[in-house]
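Take this structure, written in structure tokens, and hold onto it; I'll ask about it next.
In order of appearance the chains are A, B, C, D and E, and numbering begins at 1 in each one.
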Amino acid sequence: MSEPDPPIVLHALETCMTTPILSARNIEKSFGQMRAMQGANFDIHEGEVVALIGDNGAGKSTLTKILSGVLQPDSGEIYIDNTLVHFDSPLDARAHGIETVYQDLSLAVDLNAVQNLYLGREIASPGLMGRLGFLDKALMRRKAQESFARLGVRVPDMRAAVANFSGGQRQGIAVARALMWAKRVVFMDEPTAALGVAQTRNVLDLIRRVRDTGVSVVLISHSMPDVLAVSDRVTVLRHGRRVATYTTSTVTSDELVGAMTGALEREGAAA
Amino acid sequence: MSEPDPPIVLHALETCMTTPILSARNIEKSFGQMRAMQGANFDIHEGEVVALIGDNGAGKSTLTKILSGVLQPDSGEIYIDNTLVHFDSPLDARAHGIETVYQDLSLAVDLNAVQNLYLGREIASPGLMGRLGFLDKALMRRKAQESFARLGVRVPDMRAAVANFSGGQRQGIAVARALMWAKRVVFMDEPTAALGVAQTRNVLDLIRRVRDTGVSVVLISHSMPDVLAVSDRVTVLRHGRRVATYTTSTVTSDELVGAMTGALEREGAAA
Amino acid sequence: MTIDTASSKSTTKDQASMQHEVAPQKSVIRRLLDGPELMIFGSLIIIIAIFTVMAPTAFLSGINLRNMAIEASMMMILAVGMTYVIITSGIDLSVGAVLVFSSVASLIAMRATGSDAPWVPVLGLAVALASGAFWGLVNGLLIARARLTPLIVTLASMGIALGLARLMTGGVDLTGVPRSIVTSIGIGRIGGIPVIVLIACVFASVAGIALHMTRFGLYTYAVGSNEQGARRAGIKVDRHLISIYVFSGVCAGLAGYLTLTRFSSTTISGHAMDNLKAITAVVLGGASLFGGIGSMYGTAAGVFIPVVLASGLIIVGLPSFWQEVAVGIVLLAAVLLDQYRRRTRSS
Amino acid sequence: MTIDTASSKSTTKDQASMQHEVAPQKSVIRRLLDGPELMIFGSLIIIIAIFTVMAPTAFLSGINLRNMAIEASMMMILAVGMTYVIITSGIDLSVGAVLVFSSVASLIAMRATGSDAPWVPVLGLAVALASGAFWGLVNGLLIARARLTPLIVTLASMGIALGLARLMTGGVDLTGVPRSIVTSIGIGRIGGIPVIVLIACVFASVAGIALHMTRFGLYTYAVGSNEQGARRAGIKVDRHLISIYVFSGVCAGLAGYLTLTRFSSTTISGHAMDNLKAITAVVLGGASLFGGIGSMYGTAAGVFIPVVLASGLIIVGLPSFWQEVAVGIVLLAAVLLDQYRRRTRSS
Amino acid sequence: ASASDDISVSLVLGQRNSGFHEAIACGARAAAKELGVKVNIQAAPTYSASEQIPVLNAVMATSPSAIVLDPTSSTALIAPLMEAAANGAKIVAVDTTLDDPSVLSAVVGTDNESVGRETAKALAKALDGKSGKVAQINSIPGISTVDARIKGFEEEIKKYPNLTYIGNQFASEDIPKAQQAYVSLMSANPDLIGVVSQSNNPAIGVAGGIRSTETAESVVAIAVDADEAEIEALNEGLLDALVIQQPYEMGYVGFKQAVAAVKGEPVETPIGTGTVTATKANIADPDVAKYLYEGNCI
């Protein structure tokens, strides 16, 4: 099924003439009989923060995984800079500068915070040792400490496995990891769900700073205030389809909620 | 260390003369060298909603686990109706009518939604079969369906293992389970962190309805709007200690944030 | 209060959308076809078909069918307990040794009576089951209460039980099994069906029903799926684990008693591989060593495959050494097929 | 961009409180003492002390120390590979069979040359290692690419490898191992230390350093800790798993070659329990079968305990069957002690 | 020459749980008692060189005056035994010998190929000229003594043109597996008239198979050794003949030779102990009964 988006009230058209750096067209994905993606579209332009919102089970995480190379869609296309691409693995997405904070965090809980931060991108020791696969643990620890401090992530013990960290502490590490490495697009699947007030504020600040360096951010969140505070545009998913896209400056929380719950569909735009 | 709470500005004294149904005194708990609870106190009265807030790692989940019988404190006392009690296991706490939504949800992911809802409290078949341990699956499924509907929890497939459910779907099941069985106190450790807007609203509604039937609710949340919307009082934890308690009607979001982050301590009450 | 009694107003909208998302309920048959056990049954049927075509008279002869059924029955009894253990994410390496210990203890007890009264075999059975239960209790206590790794605990109890069995026999197999049980159970038949097979069928059916339809079975899955979660839900996890290891021990005790009746002597050195065989059957049947997943009918299929292969390969005349090679290849083919089916179905 | 280059203003407050919560950094010694391996070392030392007191001259005789070291070395070589495998949450039941296969293949190759030129032993070693690598590759491909359960895959390859080894030998042990390697390796010593022990030490040290200090080792823990997470972090999980099973196979191949030099013949009947012994050593050493946890020095201690026990119990003259009982009891005592220490430490 | 009470002799057996090895131990104990010599008996868990050598090594560390052992391999034990000899111990091999016997003070044993030939003869005798198929069911490949017996059987059976040998099935030490192998062979070859097992465990499995298929009348089964369970099967009519070695003699004589070697007295070697073929008819004869294996000596 690759019919176009349903004719829903669009409070804003696409931010116009610039080509999106990442866009998805007619993505379909089923798990057994569950049709999680039913022809979803998605676009993000350079240096913008797009909030991706929707009800539980709307398909936000599934779309994120597809655009991060974790899942392969049943059908549909993904374009980067208008070029058709195929992501067979997360490595492919990463090669295009895409980083992701997964909703399940995807940390290796038996490793410590530093090892998680650098997982897959360790700093080798200088010289021969490095070529033999030895790692510069001291350097990585120092840099990690800097990064955590900058992000306001509190790590109770740099050498302890993250298995016993609190929910927020783990999430902080996952967020730090994605932001540290992102080149073009960061997907953040509910990055602040377990974070405290100060930490959440930090992450929102950071999202803005990242955006200002030209990296695009896709923020998935159930917190309308956060969405309104930080995003440039909002895309709403429902039953695996994009049902609306808004420019943040012209939309209200109630309108967003209406679009998510389908009140719009049933009752018109008078939510 | 069982010194009394530090002399912090208390915007409200205890709700006064009624005795708390559950109270904790001078709770200490260390994990190795990490002192997660450093003499925490906590009180909740009948039919009130107390929000328990604090920064990441402040000890909210640890306190919850101690008051649910999951963890045993190193020292300190727990009173129910002014009687000293000891919780050696979650069963002990449950025998006192205490239910909990854990931050990690504590679902058996290989079981389905109905089985999780009734886990530990299955409905036996009538008659001899029941005494042999057979279960009335049909009845449980019917009742579960009713409960989920009432709570607005969407379960994509009642017979599927919850392993592949979305984050919010799982959380909905965990919340439904605790609310369904609570008799006196429900602890809810970030119950809406993964929930959508509508589901969150539902849970907040439900907390109020539960409160109205005389059950007390302890709500742990990082969302100040939610806390302010639903709670009667707010208790703030910091570094494993209670640092303040407020009556919700007289406090602002900024004051709460100040108390959590310690701005109060350093800068006085002028947050 | 329970929310069952709370009235609801504000959620009608969500109910509507809930209906929208509920997948069509599947039929029981559809679910069985979807189950991970199916393909193992499929492999079993393919294997049987091949041997039937290659050597119809010999393979399907009454003698051979009966014997395969007996062989599978003996292994099934061990695998029944192992299924429970593996679903809790445990493992029980001691089953073979406990089998030997139970049969030795049982035979010594029967011989000690010096009588062949009809109650002697009953005593023997009681001793065998009690011995099995004892070792299961030891395992269970060390695993559930002392929180030791099942692998090490059951490895240790395996060594201890086997050593003690050998001490009790003085190192050579004992004889003197009452004739009555050899004829009535060991080689007995009812309506042409070996008694041992009937016993195993009843035993496995009861254990299967308990696993899939009762609270006990449900808790077994819950413990294997999320032990901490089960504990928090008020399940007495320790007690449950202990009873499961006791049950596994009892299974081994029963198998030990039946072994006595089959061979009319103890068979001390013949069971070193029983643990691995039982584990293989359970895993072939779709269970995961990480717990939470598995089924009794899967195990039944898993038990038959090696037995049918062993017999069929001899019948078609494959030389001895090639048989081992063939068994390995067929095992791989069976799980590959199973894996292929699961992938095409779910993504 | 990376946040390393982003400037920071608004977070000084949090930095302050972060300092507050950082636990004092522990010294290397403290961490070693805290490690789960310690108590197993402690148990080992206690066992050694007891035997030393009971039979000082015999137990500490050069002959006995040397032989225990050789015995442990042979097992260590298998356990080195098994440590990697278990940390990835896998299991390798095929090591004993691959050992036999490799030694048979190696010996047949050496005999086929009909020469005793100095390159013949080198050829033999190459054949042994290549055979091991081949079986490891088979295991690894089926586990990583076809996503089959390690237990079933390695059980199947165990049967196939053993069957083929027996086919190649015709079922009887082959002799004709070049004298030169028997004297230089099998019974050779350098500075009083058996050559086999030196080889095992170097081998285990290199593998231990690789596990604990290199990227390869780190990825091994990551894969075992959260396979999906490792994949998402860009680790080539499949390739990594394959190389680990290949490595385990190479370990078995090396052990097979050394076995030839020790016994100057193949030993096709003798390695049925090697898989369980290696797994036991690794788990005794603190590894978890659920992956993500384990260490090479833990494994080393785990290897020595059964070897020291077996030798010590014979030396103090315990009758054979009591030895089995005693080994079981000591194993339990060792893990109980370890468990006790961990509990008192962490809660 | 030294006094008897300074002498300690260690017996290192190839396997636990076998009547054969128990009987060797009993013979050695009897000799030790007679001579007033200390004896230490140890056995490997299973019959293989890689299991026996660690046991031998540990025994060596106790510096016994002599070691009596049944070598599980004719090559693998040479090196450790040379080390033991260099350590001053006299070595006596029982049951079988080594490829290089120079390290041995004495050898007391059976020729295992001839044991195999005896099983073939016993089979032919019991079949009494009938023609049909015969097979072997044995434990595992790589056990040197059994391998020799299999070879002896296969050579001898060729002399009987009425018997068609259809090969050997290895069923491991697993008794049920041997039973299953028997039944499968039966099903595939209805004209199977004879089965031979060269050691005790497969023999017990075969007996179980004969019992459950009720083929005692139509099939002749021959086995080696005289464990209690085998004797019972013989009495039950499931097995038709047992080829019995003389392990008790091996242990007794071997031990005495070892003590003699230590004392510097003359040593007789090699000493062959023969075999006896027991049937249901003659098993009660004292001449045969005295060779039945006893246990509880390890």
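Side notes on the structure shown:
Please note the rule applied: a contact is a pair of C-beta atoms (placed from the backbone, for glycine too) under 8 Å apart; a residue touches a chain by one contact, two chains touch by 3 or more.
Keep in mind that this is a model prediction, so the values were computed, not measured.
Note on connectivity: the fewest steps through touching chains from chain C to chain E is 1.
Steps from chain A to chain D, taking the shortest chain of touch contacts, total 1. In this assembly, the chain whose C-alpha centre lies farthest from chain B is E. Centroid distances built from C-alpha atoms place A farthest away from chain C.
For the pair chain A and chain E, the distance between C-alpha centroids works out to 73 Å.
Measuring from the averaged C-alpha position of chain C to that of chain D gives a distance of 31 Å.
Chain geometry summary: the mean Cα position of chain D and that of chain E are 35 Å apart. Look at where the CA atoms of chain B average out and do the same for chain D: the two points lie 46 Å apart. In chain D, the residues that touch at least two other chains are 13, 17, 21, 23, 166, 171, 272-273, 321, 324. Residue positions 31, 34, 55, 57, 154, 156-157, 198-199, 261 of chain A are each in touch with at least two other chains. Contact with two or more other chains is made by residues 16, 46, 141, 170, 298 of chain E. Interface residues of chain A, counted against chain B in their complex, comprise 31, 34, 54-58, 61, 103-104, 154, 156-157, 164, 166-169, 172, 190, 192-200, 222-225, 256-257, 260-261. Touching chain A in their complex are the following residues of chain D: 1-4, 6, 8, 10-11, 13-15, 17-18, 21-23, 25-26, 31, 210, 213-216, 218, 221-222, 224-226, 228-236, 292-293.
Residues of chain E touching chain C in their complex: 16-19, 21-22, 46, 141, 167-170, 172-177, 179-181, 183-188, 190, 201, 204-205, 207-209, 211-214, 227-229, 231-232, 236, 293, 295-298. Interface residues of chain C, counted against chain E in their complex, comprise 55, 58-59, 61, 63-64, 66-68, 70-71, 74, 166, 169-176, 182, 186-187, 194, 259, 262-273, 307, 310-312, 314-317, 319-321. On the chain E side of its complex with chain D, the touching residues are 16, 40-43, 45-51, 53-55, 57-63, 73, 75-76, 78-79, 83, 87, 99, 140-144, 147, 170, 298.
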